[in-house]
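The same subunit A turns up in both complexes below, where it pairs with subunit B and then with subunit C.
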Partner chain A sequence: MNTLIYTSVLGFGLMVLEVLKLRKWISPAIILGLSLIFGINIHDWNQPGSYMGNMLEISNFTVAFNALAIFITLLIAMLASEYYSDEEHHISDYMAIMTFVLCGAQMMLGYANLVLFFIGIETLSISLYALSGSKRFDAKSNEAGFKYFLMGSFASGFLLFGIALMYGATQSFDLNKLAEYAMGTSVSPLFLTGLLLVLFALFFKVSAAPFHFWAPDVYEGAPSIITAFMSTLVKVVGFAAFYKFLHVFGYLIPVKFDWLITLVAILSLVTGNLSALAQENFKRLMAYSGISHAGYLLIGLVGAAAFPSSAILYYGLGYSLSTIGAFAIAMAVFKSTGSESISAFNGLGKKNPVLAACLTATMLGLAGIPPFAGFFGKFYIFSEAIQNGHFYLVLVGILSSMIGIYYYMKVVIAMYAKPANETKIEISLTNQLVMWLCLVLVLLIGIMPSLVTGLF
Partner chain B sequence: MESTIVFYLLSALSVISALFVVFSRSPIYSVLSLIVCFFTIAGHYIMLNAQFLAIIHIIVYAGAIMVLMLFTVMLLNLNKELGTHKFNLTKLMAVITGGLMFLVIIASVKSSSLANYQAPAYLNIGNAEDIGMKLFTDYLLPFEISSVLFVSAMISAVLLAKKEVK
Partner chain C sequence: MNNTMNLLTMITPAMMIPIFPLLGFLILSLFGKKLGLMSGWIASMAILGSFLCSINLFIGLEGDQQLNFSIFNWINSGDLQIEFGFLIDQLSLIMLLVVTGIGFLIHLYSIGYMHHDEGFTRFFSYLNLFVFFMLLLVMGNNYAVMFIGWEGVGLCSYLLIGFWFKNPDYNNAAKKAFIMNRIGDLGFLIGIFALIFHFGTLDFIDVQNQLTGFESNAPILVFITLMLFIGATGKSAQLPLYTWLPDAMAGPTPVSALIHAATMVTAGIYMICRSNLLFALAPYTLHIILIVGVATSLFAAIIGIKQNDIKKVLAYSTVSQLGLMFAAIGLGAFESSLFHVMTHAFFKALLFLGAGSVIHAMGGEQDIRKMGGLSKSIKITFVTFLIATLAISGIFPFAGFFSKDEILAKAFEHNLLAWALLSISSMITAFYMFRLLFLVFYGQFRGTEQQAKHLHESPISMTFPLMVLAILSAFGGFFGLPAVFDSTHQLNVFLAPIFNASKLVTTEVHALSHSQEWMLMGIATFAALMSIFFAFSLYIKKQQLPENDADLTGFSKIVANKFYVDEFYHKVFVNPIMIISDLLLVLVDKLIIDMVVNLTAIIVDALGRLYRLIQTGSTGFYLIAMVLSMVIVMFIQIIL
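Then we have the complex of A and B:
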């Protein structure tokens, strides 16, 4: 509860700083503020409670995912202070909106009532529509913002309609009451239809196939920093909210909708990985890789042994750190070369061996090669799914992660085997700091997974 | 008995005006029939004892949103007859998926036993006073936290529309 309040206050505070003409303090303020909020959030560990008439529920699950979301925002804010350094008059807007995205994320992680869930998902999405269209004089960014806005509004419409149908069947928005109803003997078809529509909206938000068509265009057109933000925070938070939702109706969904989630998982794995093979643009590649990672996480949802399972948290952490690390380097490369295609990385291995080695490490992490966190993330998810009898699903997962290695290697090959171009790559201190932080953490939790898996 | 007649009248009007929104060639007529549609839905709300919601619906949708849409139509100069509706693959797909969705909802409404549903005993449930009580007690957190949503939407709009200053 405190976390949510302080995050909102931080967002408003950043705008106040702009009004007071303290522009150069905005970046330090958001970094300091988020670190403090991280601490406040950790303080809630092992202190479960429900707040404001069971609107918001704090459990260890919420605290752990909140910590992850705050940490992602912190890393992105550090990168953003560098990325927006030539756009000073807008920096308070960007930083404040990012903080509000985090607010929405926290609502989605702690909801105990569908009303709060809806407001959370809208706060997160509406802020991101604007951010992805924020390069105003760039046609691609406009396209991204508009496309995301239109498609996202449809998804929100489905979500709202689903919630309304569930309310119609149960006369309640409260998750406890809904769960009680779902466990009862007579479940109305209206309720099931509502549940189905909410599932569709969630599939859309986490960009699982066949609800993924917006993702490549939006990821490509949005400013790189926002692409990094969307592909990590939204995906992780979306899956955490999804996980909580599935857990609430745990008795109903396995019977009625397990096949649906399995089907979407397989489709995401296949389309994500196969479409990524043909991509030449780095951000599109990351978009399709994000779709395939949604597939792996869906395997985790179907096969999760118990609630909360640390496999999803671990996978989310490994995926987010690798992605942010890759984007920290890629943003420097894009800025120096002015191109966002994979060929921009040509010859990086000769020009700047350290950067190339780090990018290779993050790519290997995403592909799931030990000792990076990506490997153990997949390992935990697959082993839980096998224990719960989803053998064929895991088979598809393993096959598609083999395809995955090919397109992640494309970037690596461009760096080491292609001739270099003349442009010099300059990487700022902030980007280097974020890059090293991500790499060290990915290696650390890759070598000692029990740091995360031991949490719950 | 009277309420049944009013219900069917309102329903027929809202369905017809909604169809007109979709099939009308001129955007202005579409928008105008959308107003009719909104008013008939507000009529349904009144019949369901939700007076506050009905008034809000008229003020927000038939008032604010409608003006916005009319402005969009006029500013973008869309006020001309669009050509004949071409029938292509995208539309066919849209019809099929939309129709399937419709079918699922009809089926679920039909097969759920609506006869068991009872009107709430407390009839003033849609008053502004009672809604206010609910908002400031049970739903205080969503009510307050939606301010974050609105502020975020507002600065987003400003961010996208502000004149570039150096």
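Then we have the complex of A and C:
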């Protein structure tokens, strides 16, 4: 509860700083503010509660994912202060909007009422539409923002319609009441249709196939920093919200819709991995990689009633850290070479061996190779799925992660086996700091997964 | 009570023994570049620290006291529990003193020997790592910890043989040593698995306690001991796995002294002594060990006669002496074998270091045909080398005399044939060692003018270890005086707690009478003197020189070519394996595996390109695709 309030205050405060012409203080303020909010959030650990007439509920699940979301935003804010440094007159807008994305994310993590759920998703999405188009003079950025907005509003329409149908069947938005209804003997088709529509909207948010079409275009067009933000925060929060939504209805969704989630998981794995093979653009590659990771996480949601949330937290943490670490390096490379294709990395191994080694580590992490966190993330999901009897799903998962290694290695090969171009790569101190932070954490939880999985 | 307290206080120094060289290794490998020549001193001090701790333990442990402690629980799997623990008893103490003491001297020597080398710090970090693993091997309280050390010293041996890795021949020698050791290790591993299978534990003491119920020559015991012995033949260079040791001389000379003479190669003997009760209960295996030991001793000695490389002569001599030690084990005389391990460590390390000093003086020359007359220019080296040569030849009262005599006496008690063959081998040893001595240090200088000018005695850091080792080689034998001198055999008394149990199960042969002992000593000394005289007449009086390789004929050609064993192994083992692997490469790898892999990759890649086409970029299409999939899902849902 406090977390949400202070995050909103931070967002407004950043805009006030702009008005007061204290532009220099914006970056320090957001970093300091997010750190404080992180602490405030941790304070709620083991103190469950329900607020605002049971609109918002705080549990350890919420606190843990909130912490992850705040941490991701913090890392992105650090990178953003560097990224936007040459576009200074807008920095407060971007930073404030980012903070509002975090607000939306916190609502999605703590909702106990479908209205708050909707408001959360909309706050998050609308902020992101604006951020995607934040490079005002870049046609691609504009296209990305507009495409995202158009398709996103479509999805929002379905979500709202689904919620309305569920309300029609139960006369309530409250999750407890909905859960009670779902446990009852007769569930009306109206309610089921509503559920299905909400599921579609969630598939869209986490960019699972066949609702993924927006992702590659938007990821490619959006400013790199926003791509990194979307591909980590939105995905992780989307899945946490998804997981929570499935859990509310107990065995109703596994019984009725497991086939759908299974199908979408397989489609995402196949689409994400196969399409990534042919990509030449690094950001598009990461978009398809994100789709395939949605597939892996969806494996964890099949039969979600039996699945531990810590596995999703662990996977989300490992994935986010690897992705942000990769973007911290990639953004420096893009800036120096002026190109966003994989060939921009050519010869990095010779020019800057440390950066190349770090990028290799993040790629290996994403591909799921020990000792990085990606390995145990996949391992937990696969082993849980096997225990629940989803053998074929795991088979598809393993086959597609084999394909995954191929395209992640494309970046590595470009760095080490291709001749170098002349341009020198310069990486700022902030980017280096974020990179090392991500790498150390990924390795740490990769070696000691119980740090995260032991939380709950 | 007092005793237990006393023991507990000794755990810390015991722990420190392996930690010192490990720390040394870490420091050198992390900061070596900045340390420069200091690194040699740091490495030496690390070993000195271990040596002082070992002395501390040696003084602290009284009578049959043992220090057996576990550091952590290492492997827990079902009923099997393996601890990472150390056992300090009389046996490991002797080895600890030898390893750290001689190790320290050789480190010191290396500071002088290697100081021109660009890999100076790398050399010392490997050397410290080696000592660390050797200490694990010696201190482990079960076969698993011993095995770590066993493999670790093998690795370091590999790294150090190939230390000058720019020379492909040296790399090949390193690989050969590694592979041959792997063959032996396989046997060792099978032995370990059999131990787990039958005893459910790898702890030395647990295994020993369970042995009471076994009959002599129980098949499982014979099997286990044979497997362990195969492991020992690899590490200790016995027939048929000995050929790596002469090639291992490619490494720097201090390495040959430390690893391939004094410590690592005796690991096999240590391992068998560690399991002495096991072996004592398997007389069949002991018999095989005796045969292998005697054969190796004689075979290697014969090859030694015709070698012209100073280090190769010493290498074959080492193989031959190791054979002698194995023969002692085969006779059930574990403590005599260990006695010889000790004295051999003294004089063989000295011989190698002396050879290193000679090579140093000659500017890298190793061929004894191009030396000669060096006694005048490198006096200290000459005198110490002479002492070592006298010791290895078994001349009274030098160290080798006592230990060798003890083994020969044991052979005389048990098996006359073995005694005769070992005596011949000893004679040959005396002959080729004095041949070496005469050719290197007497007569005319046969090197180039430049070398003659370059001749100089080595620095003090090199000659000091030579002198210490010379003292040990001269007087080291007094630790084990034979019964005729009417004094106690201190080493045997010290080691008694280790071997008491196995003494009870081996067949007792009545001890030799004093007159018999005198006679044996007389024969041995006479034989050695005869050999020396023979060498003297050939190489000093007639001033003969070894023939050029091309001029050799008949038997001497066969001997000079080491009985063509290497060539035989190459034809019979290496070539067929090469042919088979070439075949597998072409047929299985290139044709089948590559085709399958490439085909999969091509298909997947093509699918990826096809799939890409769906991403048209048109928002209208995306929306239609989304809505269409929703409709399909809803339709299916209604049907379901």
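Quick note on the criterion: the second predicted complex is superposed on the first by the 450 of 456 C-alpha atoms of A that agree within 3 Å, B and C clash if a C-alpha of one lies under 4 Å from a C-alpha of the other, contacts with A are read in each partner's own complex, and residues count from 1 in each chain.
The rule is short, and it goes like this: a residue touches a chain if its C-beta (ideal position, glycine included) is under 8 Å from a C-beta of that chain, and two chains touch if they have at least 3 such contacts.
This structure is a prediction, so every number in the text was calculated from the model and none was measured.
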| request: Once the structures are superposed on A, label A:136 by its partner contacts, choosing first (subunit B), second (subunit C), both or neither. | output: first
| A:112 contacts which: subunit B (first), subunit C (second), both, neither? | neither
| query | Just subunit B (first), just subunit C (second), both, or neither: which does A:103 touch? | reply | first
| Which holds for A:190: it touches subunit B only (first), subunit C only (second), both, or neither? | first
| message | Tell me the contact category for A:127 with respect to subunit B and subunit C: first, second, both or neither. | response | first
| said: If we overlay the two complexes on their shared chain A, which of subunit B and subunit C does A:213 touch? Say first, second, both or neither. | reply: second
| field | First (subunit B), second (subunit C), both or neither touched by A:182 | value | neither
| Looking at subunit A, does subunit C or subunit B touch more of its residues? | B
| said: Tell me the contact category for A:260 with respect to subunit B and subunit C: first, second, both or neither. | reply: second
| query | Touching A:445 in the superposition: subunit B (first), subunit C (second), both, neither? | reply | neither
| Common ground on subunit A, meaning residues reached by subunit C in one complex and by subunit B in the other | 192-193, 196
| query | Can you list the residues on subunit A that touch subunit B in the complex? | reply | 4, 8, 11-12, 15, 51-53, 55-56, 89-90, 93-94, 96-97, 100-101, 103-104, 107, 113, 115-116, 119, 122-123, 126-127, 129-131, 133-134, 136, 145, 165, 169, 188-190, 192-193, 196
| said: For the complex, give me every residue of subunit B touching subunit A. | reply: 104-105, 107-109, 111-113, 137-142, 145-146, 148-149, 151-153, 155-160, 164-165
| note | subunit C partner, complex, touching residues on subunit A are 147, 150-151, 154, 158, 192-193, 196, 200, 204, 210-211, 213-214, 216-217, 256, 259-260, 271, 274-279, 403, 406
| note | The subunit C residues in contact with subunit A across the complex are 601, 604-605, 607-609, 611-612, 615, 617, 619, 621-623, 625-626, 629-630, 633-634, 637, 640
